[in-house]
Amino acid sequence: MTVSQTVELEGHIIDSGSMGHCFGAVMEMGGEFEVEEFEVGRHKHDETYCRMEVTAESHADLRAILHELNQQGATVADPRDATIEPAPGDQVVPVDFYSTTNHPTYVRVDGDWVAVEDIEMDCALIVERDGDSVADANDANEGDQNEPRVTTKVLNAVEEGDLVVTGETGIRVEPPERPRNGGGSFGFMQGGVSSERPSESLIEEIADEMRDVRENDGTVLAVCGPAIVHSGGRDALAELVREGYVDAISAGNGFAVHDLERDLYGTSLGVDTESLEHPRKGHKHHIYTISEIVRHGSIPEAVDAGAVDEGVMYECVSNDVPYVLAGSIRDDGPLPDTITDSIDAQNAIREQAQDADIVLMLATLLHSVAVGNCLPSTTKTVCVDINPATVTQLLDRGSAQAIGMVTDIGAFIPMLADELCESSRQHSA
Amino acid sequence: MTVSQTVELEGHIIDSGSMGHCFGAVMEMGGEFEVEEFEVGRHKHDETYCRMEVTAESHADLRAILHELNQQGATVADPRDATIEPAPGDQVVPVDFYSTTNHPTYVRVDGDWVAVEDIEMDCALIVERDGDSVADANDANEGDQNEPRVTTKVLNAVEEGDLVVTGETGIRVEPPERPRNGGGSFGFMQGGVSSERPSESLIEEIADEMRDVRENDGTVLAVCGPAIVHSGGRDALAELVREGYVDAISAGNGFAVHDLERDLYGTSLGVDTESLEHPRKGHKHHIYTISEIVRHGSIPEAVDAGAVDEGVMYECVSNDVPYVLAGSIRDDGPLPDTITDSIDAQNAIREQAQDADIVLMLATLLHSVAVGNCLPSTTKTVCVDINPATVTQLLDRGSAQAIGMVTDIGAFIPMLADELCESSRQHSA
Amino acid sequence: MTVSQTVELEGHIIDSGSMGHCFGAVMEMGGEFEVEEFEVGRHKHDETYCRMEVTAESHADLRAILHELNQQGATVADPRDATIEPAPGDQVVPVDFYSTTNHPTYVRVDGDWVAVEDIEMDCALIVERDGDSVADANDANEGDQNEPRVTTKVLNAVEEGDLVVTGETGIRVEPPERPRNGGGSFGFMQGGVSSERPSESLIEEIADEMRDVRENDGTVLAVCGPAIVHSGGRDALAELVREGYVDAISAGNGFAVHDLERDLYGTSLGVDTESLEHPRKGHKHHIYTISEIVRHGSIPEAVDAGAVDEGVMYECVSNDVPYVLAGSIRDDGPLPDTITDSIDAQNAIREQAQDADIVLMLATLLHSVAVGNCLPSTTKTVCVDINPATVTQLLDRGSAQAIGMVTDIGAFIPMLADELCESSRQHSA
Amino acid sequence: MTVSQTVELEGHIIDSGSMGHCFGAVMEMGGEFEVEEFEVGRHKHDETYCRMEVTAESHADLRAILHELNQQGATVADPRDATIEPAPGDQVVPVDFYSTTNHPTYVRVDGDWVAVEDIEMDCALIVERDGDSVADANDANEGDQNEPRVTTKVLNAVEEGDLVVTGETGIRVEPPERPRNGGGSFGFMQGGVSSERPSESLIEEIADEMRDVRENDGTVLAVCGPAIVHSGGRDALAELVREGYVDAISAGNGFAVHDLERDLYGTSLGVDTESLEHPRKGHKHHIYTISEIVRHGSIPEAVDAGAVDEGVMYECVSNDVPYVLAGSIRDDGPLPDTITDSIDAQNAIREQAQDADIVLMLATLLHSVAVGNCLPSTTKTVCVDINPATVTQLLDRGSAQAIGMVTDIGAFIPMLADELCESSRQHSA
C-alpha cells in the first residue's frame, strides 16, 4: 500500500535551492515523486511553479516527507485550514504540535492565509480569533479585531487552552530566496566562511548597510563579547554608539564589567594583568568594579554620579541606547543591571531581536546564539569572530542575508568606525 | 626613596615553582630582592625555607609585588593579624578587599592562623568571631563556638556589616605542591595537553582513582555536555551512575532534554535528524520532550509514572544521585527541574563542587567553567573534550592534580565504563 | 551592446544543484538568462533538460559567466570543437588555457566528444591525436590508436608543443549528481560535518563499503598521519593491512618513523616521552630508528633482516601492500624509502589516487590535501580527524560521495577493524 | 642495589625553572636526590649553585635521569671528556649517540669545554680535531686550526667515520635563563598565549626590537604564509622589505605564487574568486602565473623583464633580500625558484635560521615549524596567527624570548609597517 499527496511550490525555487531540496528529501526519505506540472521562470524575475505528487509507503513516512517539504516552502495542493488543538496545560503542547522554522510563515485559518507575527524558530503557533486576549492588542488595531491572528510562543509561554496549530496542513513557509540583485557581500544561505576574503571591501559594505539602516530609522543591534574590550575595540564601539550607528546592545554581565572596569581602573589594569604568568578567572578589580556599581545602585546611577564617564555602557546610558545584559552561571557578581533569570533574559533578548534590522554578532558565540535563536531568517546578520568555527556555527541558521568574517574584533570595529565616523570626526575637529 | 618588606616561604617551593615565580615576579615588577636566609630541602621530603627582603620604589609597587608573592605562598616575615573592615552595604566590598585564589588559605585572626573554609577563587574572606551568624553554624559545633572562623563569600552573598579581610597582611596561601610520589598521570599544574597521549593507560588511572573514591565514600562529580548523548556515550554514563561510580551530575537543560528525548523517542529520532541537510537549533521532539516532562510535573515524576525508563536522568532518579540542571539563555523550555536563575544555579553548583573529591568534565566548556570556578585547587580534575582549546582552558586553573584528554567523548565514556563495570557485568550475566 | 550565448544542461540538474547554481551565477555575475526550453524530469530517474540564452554586457563578462556555467555542466548549445594551442615551452601553457575541475570531463575533438583520462583538478588538457606519444599507450590499445585522446597534465609535466585545450568551447563537465538511491551515509556534496553523528552506524557503512571494494578487487587507499600511532590506532591499522582491507598506504616520513620506532623500542618509549614536561620536536629514538633503517638499507631490508617484525610498515612489506612516503621540510632523516623531491612524490601520490576506489583520510590534513588534489570527484572519500576544521576543509572539494567524522582516530580505527576483522579473528582463534 | 652520580647546576636556576625541573624529574623518574651543597643567588644578578647526588635503582634508570638533568643544564660534578664513536656508515649514528637540544651546548674534548657551533635540536654532535675537514674551515681561522671543534649534523649529513658524541658525559647544556631585566613582552619560556593581550603596545615592542636589529646590522627573517596576501597584508610586507626591516624571507611556493598573481592579475582576480560559491584548490590564474614565471625563467628574470613590478617578491629581488621558497606535495607548479627537494630546502632554511637575530612567523604553521626546528633557543621569535593552536604549538619550543599574538595577519602587518615606516613615508611625501 502506498499513500500520496499533491504539493505545490512557487517562487525562485530553483536557484534558491528549495526545489532541489524537495526532490532530494523525497528520495532520501524513501519516497517517490511525480511532477504533474512545472512552469519554469524564464527570466530572473519570473517565478517557477511546480505541482507534484509525492508517494510514500505509509502514512507516517508520508507525513515525515511532507514535514520536510513544508519547511522548503511546499504546500499541499488543495489547502484546508490548519488543525488546531487547545494546549492541555501551561507549558504543555498538544501531541503533533507544529514547531516553527525561522522563515516567514502563513497559517490558513477560516479559509484565509494569516501571516504569523514575530516568527521565530522552535516555537508553537497560537491562533487567536479574538485579538483582545493578546498582550499587545493595541498594536493590532489597524485591522479588524475579529480577524484571526497567529503568533509564536516559546514553550514556557504556552498557557492552558491556547489554540495550538498541529500537523502540517494549512501551513505555508517561505524559505529565503536568492536575492535577485546578486545580494552584494551578504551571502545567500551562506554556510561556510573564508578567512581569506578581502576585509576592507566587506567592511565598506557593512558600513553602507548600517548607514542605510540609520537613514531609514531602522535598528542596528550589536551583540558584544568581552574580547571587544580586551582586544582594543572598545573605544571604537563606544564611538559607534555615540554617533548613532548602534541602536541596541545585547551582551552578558562580563562584557559590561570589563567595559566599566577599563573606565574605573584605566590602563594600569591592563599592564598588571598581562604581566602575570598565571591567568586567573577574574581579579580584584573585576569584583570591585561590580561592587562599585552595586554601591551606586546601577550603571545609569553610576553614570549620573559621574563615577563612569566613558566607554560603551557610558555611551549607552548617555545616548539612551537600550541594552540587555543577560546573566550566566559563569558570572562574577553580577551587576545589578544584569538579568539573572534565563527566561526573563530570553524574553528581553527576543524583543531586541525582533526589532532589529541588522544584527552585528561581535566575538561572542553564546549571546549570538541566544539572539540568533529569536531572529527571523530575513534579518541581515554580520558575524565577526577570530574563531572560524564560531562564524560557521552562527551562519548555519539558514539566514537569507549574512556576512561572516574571521578576523580580530580589535581590528574590525576600529575599521568599521573609521568608515562610518570619519566625516563626523572631521566635523568636530 | 625605596620601601621594603621581609617575606618568608616554606615548603617544596623549588620544584613546585613558587620560589622561582617569586623571584621572577619581583624582577618583572621592577623590584629587588635580597635573600637573607635560604635552607634547601636536601631530600625529596625535606622542605625548603627562604626569607628574603623585597624592595620597591614606592608603597604602591611594593604592595603590588607582595600581592603577587602572597599568591605564591609567601607571607610577611613578622606576621600581624589580617586587617578587617565591615562591608559598607549588601553586595559591596570595602576598598582594597582581599580577593581569594583557589588555593588553601589561612588568615591570622587574634594571633591565630585560621584555615579558610570552602576556599574558592575571586571571593571575599569574611571573618566571623561568633559562629551564630553563620548560616550553617551547626556544621561547626566540633570546635568552640567562640573561636573565629573565616569563610568565603561571592560578591552577591556579601551582606552589609560582614567583616571583610582587606590588604595582604596576615594572609597565607598554600599553592599546589608537586606531589612527592610522582603523581601518576594526574599532572601537576598542567597547563598544556597533548592529544597524543596513550589513552588506554590514562583511562585505567582514572578508573583506579574513581574506584578509590568509591571505596572511601567520596564523591565523583560528572559535569556533562549534550555531546555525550549525541556521540554515543549515554548508555555507558547511565551504567556508571547505576553502578555507583558517579555520585552527582552537573549539567545544563540541554543535556537532560537530549537524554530524555532519546528515551521518549528512541533511535528513530537520531535517524531523522541526521539525514536532514539543514541542521536546526532544536526540533519538535526536543520541545515535545520538555512538554511531556512539564505535563508530568518533573523528571522524577515522569520516572515514577513510567514515562522515562532508561538513560542518565532515569538512573539519577532511580539511584538517588543528585543532579543540578542550570539554565541558560540558549535553552528551549526549560524543564521544570532546571534552575533558571543564574545566582541560584551557581549556589547549587557551588555545593556540588565543594563536596567533590574528583570532578569529571565531560564535553562541556560552559558548565565545566562554572564548576571549576567553585573548586579549590586541591580537587582532582579530569577534563575530556574533542577540542584541545577547551581542555587547555579548563586545565589552566592551576589545579594541583589534573588530567586532560583530547578525545571523542563517545569513545571515552564506554572505555571508562568497560574498565570499571566489567566485573559487575559478568556478575549479572 | 550585449552579447549572448545559448547553453544546455541535462541530467539530475535540479536536485544536484547545478541548475540553481547556473541561474545564481548568471545573476551574481551581472548577466541575464532566458530559458528557451525546459523539460523537467518527472520521476527520480528522469533527467531534466534546460536550454537557455545567457546575455552579458561584454564578451569578457560573458566568457566569465560561461566559464562558471561550464563547471556546472552547461555546454554551449551548438557545440564546436575545442580550441587547441601548442604549449609555447616546457611547463608553459598558452594564454587562456583551460584549467580542469575534478569532475568527469569530455572534450570535443574532430567532432567527437572524447572522455578525459585521469581527470584531476587544476590541470591542463592535452589532446593527442596519435596515441603513441602517450607514455602508457599500451593501456589504450582497446581502441583505434588513431582516435584522439585527451589527458590531463599538471603544469610541470607540460612539454613544449603539447596540444593544450584553451577557452571554454567544446568542453563538457559532469558535476556530481545526487545519487538516486539516497546514497546512504556518503553525503552528496557535503560541505559541513557534524561531530554529533552516531558513529557506530557510520562505521558499519564504511565497513560495508570496504568489503564491497575488496570483493570487487578494488583498491582502498589509506592516507595516514602520525597521530594513528600515538593515539593507539596502529595495531588495528596493521590488522586491516594484513587482512587485505587496505590496499595502499600514502603517508609522510613521520608516520613511518613513528610506526617503526614503536616496534624497535616498544612501549617504554611511550612512557619516557609522556612523562617529560617539555615536549620536543623529535627525540633520540626517533632519529635512531631512522639511522637503523638506513643501516639496513630500507624498510623492506629491515623487515627481511628481522629487525622490524610488526606494525603497519611491516604488514605492508609482508603483504605486498604498496606505500608512498612523501618527504617534507619538517622531517627528521628522512628514511631511505621517503621520496624527498616534491614533484616525484606528487607523481607517486597521483598514481595511488587515480587507482583508488575509496580513500580513507586518517588524521592528516597535509597528505590528505595532496591526495585529494589528485582525486576525481567521483572517488568515495572518508575523512576522519579530531579537528572539525580539517574534516570540513577536506570535504570541501565537492566530492560526489563523502563521509566526514570528527572523532579520535585512536578510537575509529579499532572500531573499524572490529567491524571488518572479527570473523577472521574468530577463525584464527 | 642502587647507583648514584653527583651533578652540578649553576646560574639563575631557580627562577629559570631548571632547578625545580631537576628535582621534579628525579622524583617522577623514581630516583632520589640529596643536595650536598646549595648556595642561593642572593640578588637578582647572583647565580645559584647546587651540587647534588642523584640515586636510582639501576644504571639504566640513572642514565635516563641524567639525560633529563643534562637537558636542564646539570653536568656531572667530576667532568670527563665526552665519549666519541665513529659513525658506522653514511646517515648512520652509533648506538647511544647524543641527540641535541636547541640550547647552547658545550662538549668537553681533550680536557676543554668546546662550544658547539650552530646548535640545533635533534642533531648529532660531531667532533673535529683537525679543522680542515670542516666545510667552511675559513670561517674558523680566528683560532688555531688544531683546536677541536664541535658542530651539529642532522642525520642525513652524517658521514661514515664522523666522530659522533655518545652518552651524556662531558656535555653541558645551557637552558634559557629568565632575563634579568624583566624581558619586556618577549616572554620567557612562554608556552601559552592570550588572544586578549593589548596588541598595540606589543606591536610597538616588536617594532623597537626590529629597529634595534636593523641598527646593529642584524637579520630579521620573515616566515610567510599565503594568508598574508589574501588578508591584505601584502603591501605592508612589501614596504617592510623595501625599507630594510626584513632581511630574509622564508616561504613556500604558494606564498610566492599568490604574491605574484596579485601583481600579474590585479584586484579583479580577488573579486572573481571571492564571489564564487565553490572554493577550489587553485585556479587558472594561479597556474598561469606560474607558467608566466617559467616562461621568463625565474622570478628575478620576470622582474628584470618588467613583468613583475610590485609586491613582496618584487621587493626582494629589487632590494637583494634573499628568499628561500620550499616546495611541498600540495604545490601547483612549482615556480622555477622553488626548491623541490626537501633535504635541499631544509639546508637552505637552516642557513637562514642560523643567521637570523629575530624571526617573525607570519601565518604559516608548516614553514614556521621547519624554520623553528633549525633555531637555537636563544633566537627571538614572534609568532602571529589567527589560530591560537598554531601560536601555542610554535611557542612550545622552549624559546628564551618569544611573543605570541593571536590576530589577523592582515591587521598585524599594516600596523607593524605603520609603526616602523611612518617617518620614511613622511620623508618621501
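We call the chains A, B, C and D, going by the order they appear; numbering starts again at 1 in every chain.
FYI, a contact is a pair of C-beta atoms (placed from the backbone, for glycine too) under 8 Å apart; a residue touches a chain by one contact, two chains touch by 3 or more.
Which chain is which protein? Per UniProt: A, B, C, D = Ornithine cyclodeaminase.
Quick caveat, the model's predicted, so the values are computed rather than measured.
S.K.: Tally the contacting C-beta pairs at the B-C interface and at the A-B interface, and name the larger one.
M.R.: A-B
S.K.: Expressed in ° and rounded to a multiple of 5, what is the rotation angle of the C-alpha superposition of subunit B on subunit D?
M.R.: Superposing the C-alpha atoms of subunit B on subunit D needs a rotation of 180 degrees.
S.K.: Quick check: how many Å separate the C-alpha centres of subunit B and subunit D?
M.R.: 39
S.K.: Report the inter-chain centroid distance for subunit B and subunit C in whole angstrom, where each centroid is the mean of the CA atoms.
M.R.: Result: the chain centres lie 47 Å from each other.
S.K.: Based only on mean CA positions, could you tell me how far subunit A sits from subunit B in angstrom?
M.R.: 34
S.K.: Two or more other chains touching the same residue: where does that happen in subunit C?
M.R.: 21, 24, 28, 192, 279, 396, in rising order.
S.K.: Chain touch graph shape: choose line, ring, star, complete or other and state it.
M.R.: complete
S.K.: Could you list, by residue number, the parts of subunit C that touch subunit B in their complex?
M.R.: 192, 194-200, 227, 230-232, 270, 274, 279, 386, 406-408, 410-411
S.K.: Taking the complex as given, what residues does subunit C use to touch subunit D?
M.R.: Against subunit D, subunit C makes touches at 21, 24-25, 28-29, 64, 68, 71, 88-93, 95, 97-99, 101, 121-122, 124, 154-156, 272, 275-284, 286-288, 290-291, 294-295, 326-334, 340-343, 345-346, 349, 366-367, 369-370, 373, 396-398.
S.K.: In their shared complex, at which residues does subunit C touch subunit A?
M.R.: Listed in rising order, the residues of subunit C that touch subunit A are 14-17, 19-21, 23-24, 26-28, 30, 32-35, 38, 40-44, 50, 178, 180-183, 188, 191-192, 388-389, 392, 396.
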